[in-house]
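Down below are the structures I want you to see.
Across the two complexes that follow, chain A remains constant while its partner is chain B and subsequently chain C.
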Partner chain A sequence: MISLSTHIPIILIATPILVAALMILLRKQPGIQKVLSVAVSFVMLILSVILLSQVWSGGIQAYEVGEWGKYGIILVADLLSSGMVVLTSFVSFLSLIYSLDYIERKSLSASYYPLFSLLVAGLNGSFLTGDIFNLFVFFELLLLSSCGLVIANEQGGVTKSSDKMEATFKYLVLNMLSSIVMLIAVSSLYATTGTLNMADISVKLSAMSAAGTLPWYVFAIALMFVVVFGNKAAIFPLHYWLPDVHPTAPSPISAMLSGVLIKVGAYGMLRVFFLIFIDTLDIFKPVIMYLALATIVVGAISAVAQTDVKRLLAYSSVSQIGYVFLGISFGSIYGITAALVYLANHAVAKSMLFLTSGGIIHHAGTRDMRKMGGMVDSAPLMSLLFLVGAMSIAGMPPLGGFIAKLSLFDAGIGEQYYFAIGIALFFAIFTLFYMFRAMLLMFWGEKRDVEKYGEYSHHGTSLLMTLPIVVLALTVVAFGIYAEPLIALANATAHQILDPQPYIDAVLMRVVR
Partner chain B sequence: MTTLITKTVTKICLPLVILFSISLLLAGHNNPGGGFIGGVMFASVIALTYVAFGLDYIKSFFNPDWGNWFGFGLLLAALTAFSAIAFSHNFFRSAVEFVHLPFFGEIELVSAGLFDIGVYFVVIGGLLSIFKNVGDDE
Partner chain C sequence: MNNTLLSLTIAILFGIGTFLILRRDIVRVIIGLGVLSHAVNLLIVSTGVFSGTKVPIITDDGGHGAAEATGSIFTDSLSQGILAPIIEAGHHVDYVDPLVQALVLTAIVISLATTAFILILAYRIHEEYGTTDIRELRRLWG
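The block that comes next holds the complex of A and B.
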């Protein structure tokens, strides 16, 4: 029997789908649902780490689904995709544990677990697939399942149901539009090259480019992909849905959306542009760079004025994803390394902040920071954890965000993008400002207007809610103090991204049945 | 919508369309048809009876939990796909067997057919649970 380890890529995608089916059938037994979904999520985390270590030591893995030879769908696990899968599994495992106590019982047992499993399947699928149409299918899967999750109710019901509906409507409409654009782009690519396999497309396009017959509309297709991935990642002109969707979702889902889901856009940009559209990159690098700068500026300025804690974090996500795209737009090994380090740090720190804000909202009974204040006395642990996350996002030295920002700015200065780095650096100070403002409003001083808004509720955070946040906080600190492994991994990944030949060889040089 | 004509037509259509949807399901894989199309057809005729006779009347004697059909179908499809791993093949690899039966002649038995049946139930369950939830007044 072939060892199970070669099947890990498909197991990571198919197991959540199987679990989703079981969860639907087990709707009447919340106890079994809880244990089973957490156990499976833990196993997935272990499997994803095994996959990453296999790829690290043994090179890129290609997996033929259904053994259809050259017509079939290929799953490819290289360092980028397996690293992203580890990140997804880590954040989703912790969010799932957190949601056990946070989500209202009724929504939890009705549709929460199956949708969460499908979301994980969609994320893992879009990271692991080597087929561009399959990427589209997984985008749809994660869009629809995340829509269902945004509507799920948290305990206490802080967010009005009508707000959730409005946010979901915006999310659905804008993302459906971008799905249509993606479909057009994929079919035009198919019409140009006659294949959907990303490695094959890459070979054919570079052959055309070498012969000087690259059609002009390849640039148009590339532009469409900028729109698609920009919309997924909430890049400047397309970021309007995010500040509505991420705050109205229940906190563990906000953590998934901000932590992992918007990174799908960055992943797609790295995969598609550095594998398929290498020849158009000279034109699109400045485009991506200026869009990234605009995103940083708009996100940071909007975040300063927010009074809603989760909305502030959402705008901060917009601003921070701009830094990731800035690193991508440098296009050098160091730049991409910095972007990946930034991506991992932001994923961990921002999901931690969203989970912490869930605890704060649970305690305060409102999302409005003006009605809080003095919380350092009544919830000291939450304020400590919020401080860790906020300082990491702002880039203060002992934490992970510092390493990320340092390497990003160093890369930019090394490439002599002084103007871009100047803007990014200036708005990094904005980050510090709005994070401190939130800290002061929520934790410092006295509880504001006790007569008007009442005292804090006695809802503390339970152990199941605290534990995931503490684990994430320790990860943030570890990324800052002992950053070498992450940087080494990101560096190896960047080498792999910029040299797509091993990827192409792994996909195309297979024994065909 | 609940005129006598609609009700009579619905009564005639119901068995015919269900049988046709099953024949589409079985025709799939190599010919036009398959689980998705068959499932949509089945769901459409059940939706027609809901419209013609009223949701409450139908619910009084025939009220399955369509969500469970969805779950069952997804489970069947996923397990079929997984079973290839147990036979040390890649995921989704289909097994093919030709059987000779009296009357029917040569029949191609494909394990992908089980997957198609799963898809059939997923589509029925998904569409009808949406239809029923949206149609309910509560």
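The block that comes next holds the complex of A and C.
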């Protein structure tokens, strides 16, 4: 009798890949595809929650694929990775339900379901893997599948397909370059330490550091990883692809990209820098901090001037990921706790805002905010939900964003980074401004007839589109009102990140078959 | 000598790739990415060890005795400076590193998939925009 509970890490990766293959075979039966994909996505959500609770109560789980010990590929579920997997499963489940009505039927059956499953597999894989080359493989998996999803057609066709091609080309070229940089870094690490297992690399590098023989090029490798994860997370000098790609993607995919995919960069930074490159952190903490501050400034200023609602949200994502990296760069337990709380809150609130903007675009038939107006009468539910999301991103008290910003600024003041906190606080006010400017433009003002809103406004928002947004909105409110469980989880995770010994023990205390 | 030649080849390939991805033609950018990925593949291969003559197969008897031609797993022992799983540091290298070949194979397959995708994308861009000049691709302002 195989005990299911010990095999959850591999199930979370293998099932979506299998489902992706099944979906291609079932493309003539859209009904079965629909039921199967939603059911599998729900089961994955439950399994990821079970995994998180197992890790919470039973410590770090290491799963050997093929029983090769540390020489093979190991999947490691610690609090950080299992928490990120829960976040992925939650957002992807709701995005999938939303896209049933949002994506065009033909595109949905032929390519959307398989690629979405592969995207989930890539995300789960890159969070759970304990092998740095395997991380590269999963990065490529999620890069290619997200490229295919950005091109997917939405109903109504608000975005021109030439725009999608252009955005995907920029995305793909920049990310191929970053994966080339990552391969250089990984192979240099392999040449330095002779292993690809992250825990093993960590042991060997800290042994070299203790002996005083840490080679100089380890710093160069660490810098390459800053570039790689910075490109994934779109921090300052590498953020130019994001405001093109996230708005042109269909709304549920924008929600996945902004909600989860850019967090892969933050996850990678936490994992690689606090496990492998601990000894280089003294040099790289200020680098990450100033890049984060520049990201906050550039994102916030650019967002103010936008007229396209999804482009505004995309620039807001750039600005908000800067706050996450700011928390990471403090490097203290409280700082990382705040960064993780911020990350979870931003993931939920921003995916909610992108899904809402999809509803608004369906209603208005345009993405230009100047052509909208008075929607508080014609689409009252959407305006309420947008208000909840906007207030959370801006950091208003009853909602999750307030707790996140409060703990981040508190951590910064406790660490006496007054300059950084000053800049971050000043541009938090910008966040408030651009979010409510969008609010005023779209929902208030002169009421316009629905007939003026283009030919697709009759499509309306169906129940399947509204329900996921409502669930996400309730989560945002819950994160604000009852934030203790999230903060406790983030705090335990931060303790685990800053003390990598249990992780190393869980991975290395194994015998080869 | 051999190593110098290999390093020079990798360096020249990186140079050509970087030059090509800075061109204005989309197809040249894609060829540049291909050249860069091959440069990286060579780099990965060069991190392995070729001077050994024995095959890296692990046997039960730990490489001693009859199976002289095969390798053995060294338990990591940092005090003795043993780092890699199969090669004993400080000793004459007897075994070919098996891992880099697996890595480079994976990297080649992945770059094949991405290159195929980006070539189709370039074709579609040519259909939509009527040009392969990258300066024309600016309907979206980043």
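Methods note: the second predicted complex is superposed on the first by the 500 of 513 C-alpha atoms of A that agree within 3 Å, B and C clash if a C-alpha of one lies under 4 Å from a C-alpha of the other, contacts with A are read in each partner's own complex, and residues count from 1 in each chain.
Note that a contact is a pair of C-beta atoms (placed from the backbone, for glycine too) under 8 Å apart; a residue touches a chain by one contact, two chains touch by 3 or more.
Predicted model, so just to flag it, every value in this text is computed and none were measured.
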Kindly say whether there is room for both chain B and chain C on chain A in the superposition, answering fit or clash.
fit
Who does A:173 touch here: chain B (first), chain C (second), both, or neither?
second
Figure out whether A:241 sits in contact with chain B (first) or chain C (second), or with both, or with neither.
second
So in the superposed three-chain picture, is A:144 touching just chain B, just chain C, both, or none of them (first/second/both/neither)?
second
Give one of first, second, both or neither to describe whether A:27 is in contact with chain B, with chain C, with both, or with none.
first
Cα-centre angle that chain B and chain C span when viewed from chain A, reported as a multiple of 10 degrees
40
Tell me which touches more residues of chain A here: chain C or chain B.
C
With both complexes overlaid on chain A, does A:63 touch chain B (first), chain C (second), both or neither?
first
Who does A:204 touch here: chain B (first), chain C (second), both, or neither?
second
Touching A:463 in the superposition: chain B (first), chain C (second), both, neither?
neither
Report, in whole Å, the shortest distance between any C-alpha atom of chain B and any C-alpha atom of chain C after the two complexes are superposed.
6
Identify the overlap between the chain B-contacting and the chain C-contacting residues of chain A.
none
Using the touch definition from the top, list the residues of chain B that touch chain A in their complex.
67-68, 70-75, 78-79, 81-82, 85, 88-94
Of all residues in chain C, those that touch chain A in their complex
21, 26, 29, 33, 36-37, 40, 43-44, 47, 73, 76, 78, 83-85, 87, 99-100, 103, 106-107, 110, 113-114, 117-118, 121-122, 124-125, 128-129, 137-140, 142
Flag every residue of chain A that touches chain C in the complex, lowest number first.
71, 133, 137, 140, 143-144, 147-148, 161-163, 165-170, 172-173, 176-177, 179-180, 183-184, 187-188, 190-191, 193-196, 200, 203-204, 207, 240-241, 243-244, 248, 512
Tell me, which parts of chain A touch chain B in their complex?
1-2, 4, 7, 10, 14, 17-18, 20-25, 27, 63-67, 114
